[in-house]
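A, B, C, D and E are the chain letters, set down in written order, and residue numbers restart from 1 in every chain.
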Amino acid sequence: MVSYLVLLLLVLGVAAYFVGRSRAVASVGGEVSRLHSLPGQHGLFLAMIAAGPALLAVLIWRIATPGIEDSIVQSRFAAELAEFGVPQLQAFLRDARAIAFGGIVSFPDETKEAAAVVFRSLHQTSIWLITAVALILAAGGSFFGYSRIAPAYRARHVVERVVKWFLILCSMIAILTTIGIVLSLIFESILFFSEIPIFNFLFGLHWSPQSAFTGAGGDAGDVNTEIFGAVPLLAGTLLITFIAMLIAAPVGLMAAIYLSDYATQRVRAVAKPVLEILAGIPTVVYGFFAALTVAPFFRGVGESIGLDVASESALAAGVVMGIMIIPFVSSLSDDVINAVPQSLRDGSAGLGATRSETIRRVVLPAALPGIVSALLLAVSRAVGETMIVVMAAGLAANLTFNPLEAVTTVTVQIVTLLVGDQEFDSAKTRAAFALGLLLFVITLALNVIALRVVQKYREQYD
Amino acid sequence: MTDTTLSTGPASPDSLHTGDAAKARLRARYAAEARFKWLGAGAVALAGFFLLLLLSTIVTKALPAFHQNYVALEVDLSADKIDPADPGAANFLGLVHDGMAGEFPQVSGRQERRLLRGLVSTGAGVMLREAIEADPTMLGGTRRIAVPLDDFADLYLKGLLAKSGPSCRIAGVTVSGAGDEVAVGFPDDAILAMARGAGAVDGEDGGLRLTSGSQSLLLEIAGGTLKITELSTGEAGGAIGKATVLEPLASASDMPDDAMLRTIETAEANRKITDREIVWLDRLAGAGKIENRWNTLFFFTGASREPELAGIWGAVVGSALTMVVTLALSFPIGVAAAIYLEEFATKNRLTNLIEVNINNLAAVPSIVFGLLGLAVFLNWFSLPRSAPLVGGMVLALMTLPTIIIAARAALRAVPPSIREAALGIGASKVQTVFHHVLPLAMPGIMTGTIIGMAQALGETAPLLMIGMVAFIVDIPGGFTDAATVLPVQIFMWADFPEPAFQQKTSAAILILLGFLVIMNAIAVVLRKRFERRW
Amino acid sequence: MNMLTEAGVEQQLADQGNTPAIKMRGKGVTVHYGDKQALFGVDLDVPEKQVTALIGPSGCGKSTFLRCLNRMNDTIPICRVGGDITLDGEDIYDPKIDVVELRARVGMVFQKPNPFPKSIYENIAYGPRIHGLTKNKAELDAVVESSLRKAALWDEVKDRLQEPGTGLSGGQQQRLCIARAIAVSPEVILMDEPCSALDPIATAKVEELIDELRQNYTIVIVTHSMQQAARVSQRTAMFHLGYLVEEGATDKMFTNPDDKRTQDYITGRFG
Amino acid sequence: AARDQIQIVGSSTVFPFTTAVAEKLGQSGAFKTPVVESTGTGGGMKLFCAGVGEGTPDFTNASRAIKDTELASCKEAGVTPVQIKVGFDGIVLANSKAGTAVELTKEQIFKALAKNVEVDGKVVANPYMTWADVDSALPADKIEVLGPPPTSGTRDAFVELVMEEACQEAVEAANEKACTEIREDGAYVEAGENDNLIVQKLEANPKAFGIFGFSFLDQNADKLQGATVEGVEPTFENIASGDYGVSRSLFIYAKKEHVGVIPGMEEFIAEYTSEAAWGPDGYLADKGLIPLPEAARATQAEEAKALKGMGS
Amino acid sequence: MNMLTEAGVEQQLADQGNTPAIKMRGKGVTVHYGDKQALFGVDLDVPEKQVTALIGPSGCGKSTFLRCLNRMNDTIPICRVGGDITLDGEDIYDPKIDVVELRARVGMVFQKPNPFPKSIYENIAYGPRIHGLTKNKAELDAVVESSLRKAALWDEVKDRLQEPGTGLSGGQQQRLCIARAIAVSPEVILMDEPCSALDPIATAKVEELIDELRQNYTIVIVTHSMQQAARVSQRTAMFHLGYLVEEGATDKMFTNPDDKRTQDYITGRFG
């Protein structure tokens, strides 16, 4: 029934589009050029105003009615439900609904049958209600819109304003997400900092939340504040990310350059999507690859030249992570490099520059902002990666910059702490939230710097 | 005009670009050029090499999982076994087990019966029930029905559990005695050397003992199979020994015959399948009752704890549903946000803030998005747990920064003259963007989308928090049904102890990559169509 | 849309005085690119249905002024425009004004040819499409053809309308951009050196076109060719270092300029 | 409205067993197959104790008993957990069959892995680099043990059952805390929770040992050998009989309030506590779950059936 | 590099005959853009240390021919060049030939100004840097300054050398590109309408520059201005629809052309 209503509204929208168009055309006697806006824009305007509010109403109805129906049924059967706890209540409603509208009824009884009847009638009423509301809205919107259509009416403005608001709304999602993230981290973090002095957390050189829950470490209140030093984690993150970028940045960038300026069209058409597969291989696979192929390889090489390489090393994890993020650099850079106008390449070539000189000195600087974006994205991905690190670099928080040793990263610790077996309300689990917040703040700072740099070196071509 | 131009001077421009110094410079520049080009080619080749390396290991590991061995059994479906009025009440697995017992009527001991039953999958009963539900005419009579083998039996038949050694024919073997233990006699003592080679140890009595740590020597004789346990030199240069009866001989009496001696190189202790099971399976295979089928179970069923029953379809559907949500949200929102920031927004503090925010979101560990999803979508909006809808939304949030950043870079790369051209003939900003700038930026946007979606497709961590890292058997039928996704399935299988799951894991990875390739292929084709240089 | 603003009244008065109406008027126009000032208080009237030529040495601000007239400078972030510019008496920098409509009414041919990376046909058809100037494909075809003909390009491209506009020769691209601009029939056409890449014959044709367009449209043209300015324009404005040096009827400017600099420039004795 | 599908969260150690039971319940055809998540014991408890109603899970798996604080928060939210002890998980120390089989005592393990040990009456940072340093009878290989991270319940159980016990004997003077700390100098490698990876790493490196649950040893018996602890081999029977001392109990907790509300809960409990599942010949034993003694099974099943809530 | 090839001999003979040596020579040059043929067997000699002007209506193939002379057409994928073109008697389309050296020796100013999105200074310094023509910063500064001076741009930009080249006016950009090209002191300079965006004075300066460069360099210039061709060139070649119509000493071409079309074109009676 409601789906028919929605269908009807959609049809109405389409119809309104055509009506609006022809009305606009008619209003100027076919002299379309006398219209302020295109007939199509008038049509769109009418469609939006005719079907939009009604559809919105249906959407709201769809979201709101189940709750309203439930509460009405609840109040209707207040006596019978007086004894019920929350789950029983929910089950009652579930089963009553199932009886009323079909579905699996788990625990049928008579009250539920009665409630189902109520549900059915309520639902009927509410459908009539929404149908009426939607139709009124649609009719009102149609008439209003129809009456507005005139040669001078700025339908384009309305349509474009809607578009623009949509665009603004979309970019606001980033802000909302950020707020959401901060909010979902902040409460637990505050609890954490109430136990662990923030100074110890930020500047502590020792990360080893060892003391376990079974018997060890005594009471819950007795928390060792010295074991939550985030510095080794940050150092580990930095080290691994650095190694990864050491692989991904040159390989990715050179690959991008090769694909966009040297490779034949056919090679490029094949190689680029193939490289993009690297980004989609699940990280577990990389993890196994790092732990079982790369790490032993490095260890073997290290031993043969007399170096002591740990079986879990930052090097192995970093290198494999670097491989994984190659396409982030290569594909995105390739696109921006490709977008540099040919006339610039011609200008350079015309001066007798070799291809590589043209690329290095003209094309790359012109494409720099895009390349920096790509690199930043790759760094971000590296910072956020867990599985490879867990499997290949271990979980031991050593404060070291020696790539041959085991290290761990902030992200890994967050995940391990969150999925561990220890109780959730302990300082250990809360540390995960604090780490998340810390990482967030640090990357934020780095991004601010990056933004400044990019804005400074941006070369606008054309 | 002061003409300090070039001391080398326009007087002899020839020498400037063709002189020796110029030649030397040029050579150096060309060397640099060649280096550069080879670096580029090398980079592509290196990346390609890594991919190949990864793929080849996955593919070789995955191949066995694409087939599954079935055993065809005679199952009694007559009315006294299954009540036609209420077929559901029957013990279907029991019927299958009876069928199996029928193949080996001589197997009697409780322990052995258990072992024999263990050869068929525990899911056989359910499959039989479903088959009968689908086709009730099967009832009433004995039917030949193929059921999947248990994972270890299957692995053995694929040659992954035990290594068979050489076999040879020996004449004049005598067997005496009855019961589980029999005595065997050999005409010559070559068998002793073989036993020693098979890792037999010296027993106290000077003979050789074949333990579970040594290779198995099996003697096929008179329609039965014996396992040699002890050997010692006999009279007249022969050898005598003891053997366990794995399969009773056809004629129990003392009769000389030609025998086949086969070895199984992997010691019984070092494999997850006993000699007895091997003998049974070989017997079934010899009788043509084993069918190696294309593993439709794997492709078209949901998850299971039994490797031979575990399928990927549930995860494929889950991934598809999730990706649909992710794409439907992240692509339009991402592109819209990028357009707003790059084309409409005046550059001010707010837009800088948004920009930094977006870049920063890209660096947020994915599990934190899971926390966000848990707090907002589950706790606040009360959306169901484990639902592709929520998973898709969380992944969309995670993918957004990638798409936005790529899209912005692409939009920025469109030359301003194109915008001026459109604006100059009275196109509105919106028209300019949507008619000219966006199509030109499309390749870059597509790239961002491809990469973002690839990442989303392979991501597990954020799903952990919203309940999609779960064991879910039922195939999801909609966006709010409980579902899991391919990488989670892979992750879970990689973590299960049963060895047979390892091939499944690799096969599932291939499926995921296939999924990815299909997803990307569409985008790549679109991207190609938009690509042009100006 | 003609509101009876002060400027409107003024314009009507001007009409009565039998001098041509003022279509566009700049008053104290200043432009800054970042810190650098490119125009210093330019006052210039553009009479309706006449051709106004802007001349002056390279870098003196001709393009800058021209771009002020349809607010193309809005697209340069560092560019700030001061002073008043009116179209039919209406301030075009008024926040209420719709720049899109403005630009549809005041079309522009850019100094550097900038065809869309689309087919030749699409390049021309784009404007009429977004302004809804044609009712059907046939009409659109007709507009495309006549625009190309007017820009003296039809014969060269009629067989390759579906090929990309970027594959044309420099002069062809320039004519393509002219055709694109006139296809939307703006009231005012701003042309920034429309003939710079054209041979004499094509130039002659474009000049002919300008002369023809003058019947119905107002035209502002930037040119480096004194001859061209003399041939096609009714009024000439001479710029120098961001200042409007002198402005007046073309005849007078070329025969008897008030300003020494104009005279020097015209006779090529400048600098 | 409430769900009609059981939701289970919790420990990744119990996960392989609960999923098997869930699948069985689903195969019966009467109910949807329960959804079993692997969230870790702590995360599971948090979700489980969040309250009652459709948004909260019906069961949680735990590789340890519920803690007092957790029980308190459960109570506070109106949740009455029903505790069911479903079996044991042996924790084994194993290496590749290609390596040497070893027999260890708890004290040796402690000496090899503790952060601080007592040497000549003084507590010092662990100086032992090879097994031979610990005890000359042991191989002269570098100590390298891959084991679970501190967040893992397996690690906790290991610490409690091996380290602390040995510690109290070995280091009288040392405070209790020192007993629980495992060395961080690289000899003990925290290796994440993917036990298959550990198995493969052991295969690749025969000198290394791994610490993990018995089921992985069981399923990989062809590749790995378990070290004896205090002379007892880690076998199914030894763990079940309690002879092998390093094992811990596994639990599931049912939400009493949801019984009779979410269809299938009672049946699920019945299935889990049936002999066909958790008995010595049951399918859970095949998966590596060590059954409780018969008497304990009986009382557990009894209590489960009666839905005996905790703390009530 | 001067090998005694056939062409080389010929050149020497020419030298003896007191006519200027032939620097570049095109023989039967054809160019296709995809299916479309743009040049049909053009034979043209470019004498050393002289200015050769290419004239002809827009789209006739002037730029195409010019771009053949330093193989800029290589960058257009659909473009195929046939026939022989030699530089100092050597075939420049020989696979052995080094295009980089070729382009260093045969410099080019493009029809559409295409400054790099770098500072003005960097735009000029780019060429000398990549060719290693200067030893130190001071020398480079000197080259930049003298190049800009020669291109008559120094005074306008000397205070803003560090600002982006793309922020210049159209004519300034064009001069920037001229300065960029001469900064590397090529043997041959190809100029595609170098003065199209320039005012008469700047044009005069560029023409002066061309005249000066002629002492040491060989120059090929495309122009639409007959006057300019007459003023600066010694030889003129007239193109039409992809064919070389006529070629000869400029004096003769402008006073007494052989071909009717040339005459018509020069006198503006074309088409």
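Methods note: a residue touches a chain if its C-beta (ideal position, glycine included) is under 8 Å from a C-beta of that chain, and two chains touch if they have at least 3 such contacts.
Just so you know, these numbers come straight off a predicted model, no measurement behind them.
Of all chains in the assembly, those touching chain A and also chain E are B, C. Interface comparison, B-D versus B-E: the pair with the greater number of contacting C-beta pairs is B-D. Averaging Cα coordinates per chain places chain B and chain E 63 Å apart. Centroids of chain A and chain B (each the mean of its C-alpha atoms) stand 27 Å apart. Taking each chain's centre as the mean of its C-alpha atoms, chain B lies 67 Å from chain C.
Centroids built from CA atoms put chain D at 35 Å from chain A.
Looking at chain C, one finds that residues 100-101, 112, 130-131 touch two or more other chains. In chain D, the residues that touch at least two other chains are 3, 12, 38-39, 193-194, 197. Of all residues in chain A, those touching 2 or more other chains are 156, 288, 341-342, 352, 354, 357, 418-419, 460-462, listed in ascending order. Of all possible chain pairs, those that touch are A-B, A-C, A-D, A-E, B-C, B-D, B-E, C-E. Only residues 66, 70, 85-88, 90-91, 93-94, 97-98, 103-104, 106-107, 208-218, 220, 287-288, 291-292, 296, 310-312, 390-391, 394-396, 398, 405-406, 416-426, 428-429 of chain A touch chain D when the two sit together in their complex. Residue ranges of chain B in contact with chain E, taken from their complex: 1-8, 10-11, 13-14, 16-18, 22, 25-26, 29-30. By the touch criterion given at the top, residues 33, 36, 55-59, 63-64, 111-113, 156, 160, 167-172, 175, 192-193, 196-204, 224, 226, 265, 268, 270-271 of chain C touch chain E in their complex. Chain D contributes residues 3, 5, 7, 9, 12, 15-16, 19-20, 22-23, 26-27, 29, 32-33, 35-39, 55, 97, 193-197, 215-216, 218-223, 281, 283, 287-288 to its touches with chain B in the complex. Every residue of chain A that touches chain B in the complex is listed here, in rising order: 156, 160, 163-164, 166-175, 177-178, 180-181, 183-185, 250-255, 257-259, 262-263, 269, 271-286, 288-289, 293, 323, 326-328, 330-332, 334-336, 338-342, 352, 354-357, 359-360, 367, 369-370, 373-374, 376-377, 379-381, 383-384, 386-387, 410-411, 414-415, 418-419, 433, 436, 439-440, 443-444, 446-448, 450-451, 460-462.
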